[in-house]
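In the part that follows, the structures are each spelled out as structure tokens.
Next, two complexes with chain A in common: one pairs it with chain B, the other with chain C.
For the complex of A and B:
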């Protein structure tokens, strides 16, 4: 029965135009990240050449080669920004559609007339969302790999491993947002309220929490290179304790460590950053199972 | 309501965070001014403090979260009419599509005015009470202009949400389309502009890594005018960036605007004003056209 729910959900999402939009947006974002990375590389080369020429003309020594400071996978550093922005928002929408469409179409009423438990239903739903997200990220991985091969003229086995690990982490980051999209439908009585509540959660996690715990203004969160911010205020001395719970910051820091675009840290430090994310997934999964168990599927959610 | 509460809370928090050390720096300047006056100095250095700049975080939240609220309101205005089947009823009355569009737009502006006023009051009170610096009437007028721009900005996103929802067979699809546009205009395009900044290519700055000072940077960048133009052009295509530039100029966020008079500020930001006005008018006309052609029955969610 889990397989039935799983395959029905994947089929329903494939039939949705929204899914096409999501795939196109994710691929576009990945291509954009690659193009920006390429632009960044070529800008550095041209600025370095010009600086060397001007310094040589004035008799000054050549500046240090900035590429020694620029890691290979930094080409994809914009993906670390796009996953929490584009990916997470779309994961919310996927999760929302997976439950809300069944209620709108009245399918929710029929579902449990079959010999199916609510746990099987939830498992099928979560697995299908996880698979669709994995498919999206796999396509994005392919585009990233192509960009790296094109710009860097090749990729080492170690970098390929880092890239795979980064996409695995990104998948883990997106799953809770799909769960949030599901849970808000189960918690609210109207479809619009559900979607807006889920988006509210996304905004808080992505923009508000980092400002509270690290003083990052919303637009600072959009830049892949973040300058350190002084956190000497008493306010931050209190709120910085909650920094491990800011999953977007943990994701960005772990991604930077995996892609080697940040100063080296111990492997266990990176693992420690992933733990809150795993905890978040576990809590939301338990909540989804509990809410599906008590949800009244006989109601029709044609309410806006 | 949930998003409104989030907006007000984060605005207050962002002002609180921005006031770190502000009150003590202000006290230092007041002490310097008192000492200078007591010693009979003719020329006293002007205050380097810019209390309005403390509202930067609040304005950024309006730019990001406010736009989502506006889209949501636009979506709800159409989706509720569809769900309650009031469109056919409205069309049976002697009300034109243009009047319905104007009524709906003005209603939305009234909601946004409440939201913006709440945010402004929270910001002004936070500056006064936390940073111990109350804004002057001229600063208040500049702030008023910034928030009027915010009203136009939110109005434009309201129209966008309503247009895409009304044009989609399923309301939720319209919402997704407007959110995709929001993502592009508010987050992606401005981010591209920042990311392409030559100095932003390395942590700490590319020119610092190349051991170049400000003169060296200017000299090198003189060879990249085409690149800089492209970068500016990408940023210019973002309607949100124009709101941001205007609001930041009015609230002294950028140092270079601080010595300017209001007239100079308005001249400097005239392109942003034209963008804000024309985008809002264009989207309103789009809404008017949509209302005129809205069928009496719409798709479900």
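For the complex of A and C:
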């Protein structure tokens, strides 16, 4: 039964061509990240070459190529921004359309008057969403790999591992947004309100929460000092402690550590940053099961 | 068979403190075509929602083929086929794909075969590979019936099945209902407003008024009981079925 729901959902997404649009957009974003990385690198190299020529002409020794000092995966650093922006938004849409038909058009009445249990339905839906998101990211992974091979003329096994880990983390980051897309359909009375609520949740998680955690210390981004907050500033201390609640920040920090684009971070610190994300996924999964279990699908159409 | 096709005992349901069904007692035997009449808001759809296990009653019991809708949900869903008032299925899938999917959810062993067989039985094999989004109301209604019987249930629950159909569609539906009852031996429970259809198709009727069953008998007995009334519509008005 779970397999049936799962394969039906994948077929439905494919038929609606939503998946095609999302794959195209994700690939475009990945290619853009690669192009921007390449553009940045070639600019640095051009400036370096020009400086080297001038230094050589004046008889001075040339410094080492700055690009060689940069981690190879820094080429893809923009992906850390695109995943929470573009990827999470698409995950919300996928989650929304995966259940909206059944809830709002009365299809749920047909489905739940059959032998299938609501737990089987929810499991099938969540698994299909997780797989579709994995497929999207796999396509993005392929483009990233191609960009790295093209620009860097090769990739080490360690970098390949880091890249795989980054995409696994990104998948984990997108799953809760798909769940939010699902849950808002069950909590609201119309499709448009559901989509609006899910978008609102995405905005809050992506932009508002980070503002209330590290974003309230704007000087830190310009001049990252270790203890910018005075002991008397209780509010800022509280918001600083709330930083683990910002899954965007946790994702960005963990991604930077994995891609080696941030100063060296202990492995356990990176693992600790992933824990709030895992907790978020767990809470939303339980909520999705509970809501589908108690939702009145008979009221999706008019009743007497 | 001792168990009735449908048996309701003191069945009650309340929506937000508003009682919709009040201690409903009803027994429908196997092989009957039962017309459930009542004005809008009388509680007919709520009764069907309980029989389809979509709603848990707030009081009393409901059984289908001897299985309780609350404690034996899976057995009930295997015994029933359900056609909602407005047939909605997956528009981007073909009729065959829709039926195959829904057959699988009803534990049918060979869902594709069952789907094709059902389309053949209803004489609409030509619709098999067309996407539902392109269907007219009448076509959709036929596929709606196909999904309701694809797993060969004992009891078929139809909620306002004639809604939105043209006269030809209504006639086709009537013939289909009789065919399902006579050839497949299905018990039919039909919510409807169309009294003319009830007179032509049903073997017995029940009238629901503000959540209470005010009348239940066979069509013949009903006609005998109200000899002065010219039509079932007059009888319905006489017994207070109008709001």
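The rule is simple: the second predicted complex is superposed on the first by the 258 of 304 C-alpha atoms of A that agree within 3 Å, B and C clash if a C-alpha of one lies under 4 Å from a C-alpha of the other, contacts with A are read in each partner's own complex, and residues count from 1 in each chain.
Criterion: contacts are C-beta pairs under 8 Å (C-beta built on N, C-alpha and C of every residue); 3 or more make two chains touch, one makes a residue touch a chain.
Quantities reported herein were computed from a predicted structural model and do not represent experimental measurements.
Novice: Can you tell me whether chain B or chain C touches more residues on chain A?
Specialist: After superposition, B is the partner touching more of chain A.
Novice: Is A:38 touching anything from chain B or chain C once the two structures are fitted on A? First, second, both or neither.
Specialist: Touch status of A:38: no partner.
Novice: Could you say whether A:199 touches chain B, chain C, both of them, or neither, answering first, second, both or neither?
Specialist: A:199 contacts chain B only, not chain C.
Novice: Quick one: is A:289 in contact with chain B, with chain C, with both, or with neither? Answer first, second, both or neither.
Specialist: Touch status of A:289: no partner.
Novice: Which partner does A:89 contact after superposing on A: first (chain B), second (chain C), both, neither?
Specialist: The first partner, chain B, only.
Novice: Identify the partner contact of A:112: answer first if only chain B is touched, second if only chain C is, both if each is, neither if none is.
Specialist: In the superposition, A:112 touches chain C alone.
Novice: In the superposed arrangement, which partner chain does A:54 touch: chain B (first), chain C (second), both, or neither?
Specialist: first
Novice: Under the contact rule defined above, give the chain A residues that sit at the interface with chain B and also at the interface with chain C.
Specialist: 301-304
Novice: Using the touch rule from the top, collect the residues of chain C that touch chain A in their complex.
Specialist: Touching chain A from chain C are residues 15, 20, 40-46, 49, 52-55, 74, 77-78, 80, 82, 84-86, 88-90, 92-93, 97, 101-102, 104-107, 147.
Novice: Touching residues of chain B toward chain A in the complex: what are they?
Specialist: 2-3, 6, 9-10, 13-14, 16-17, 20, 56-57, 60-61, 63-65, 68, 72, 75-76, 79-80, 82-83, 171-173, 175-177, 179-180, 183, 187-188, 190-192, 194-196, 198, 200-204, 206-207, 209-212, 216, 219-220, 223-224, 227, 244, 300-301
Novice: Could you pull out which chain A residues touch chain C in their complex?
Specialist: Residues 1, 4, 8, 11-12, 15-16, 101, 105-107, 109-117, 296-298, 301-304 of chain A touch chain C in their complex.
Novice: With touch defined as at the start, can you tell me which chain A residues reach chain B in the complex?
Specialist: For this pair, the touching residues of chain A are 17-18, 21, 25, 29, 32, 36, 39-40, 43-44, 46-48, 50-51, 54-55, 63-64, 66, 69-70, 78, 81-82, 85-86, 89, 93, 97, 100, 104, 191-192, 195-197, 199-200, 203-204, 207-208, 211-212, 215, 217-219, 222-225, 227, 230, 232-233, 235-236, 301-304.
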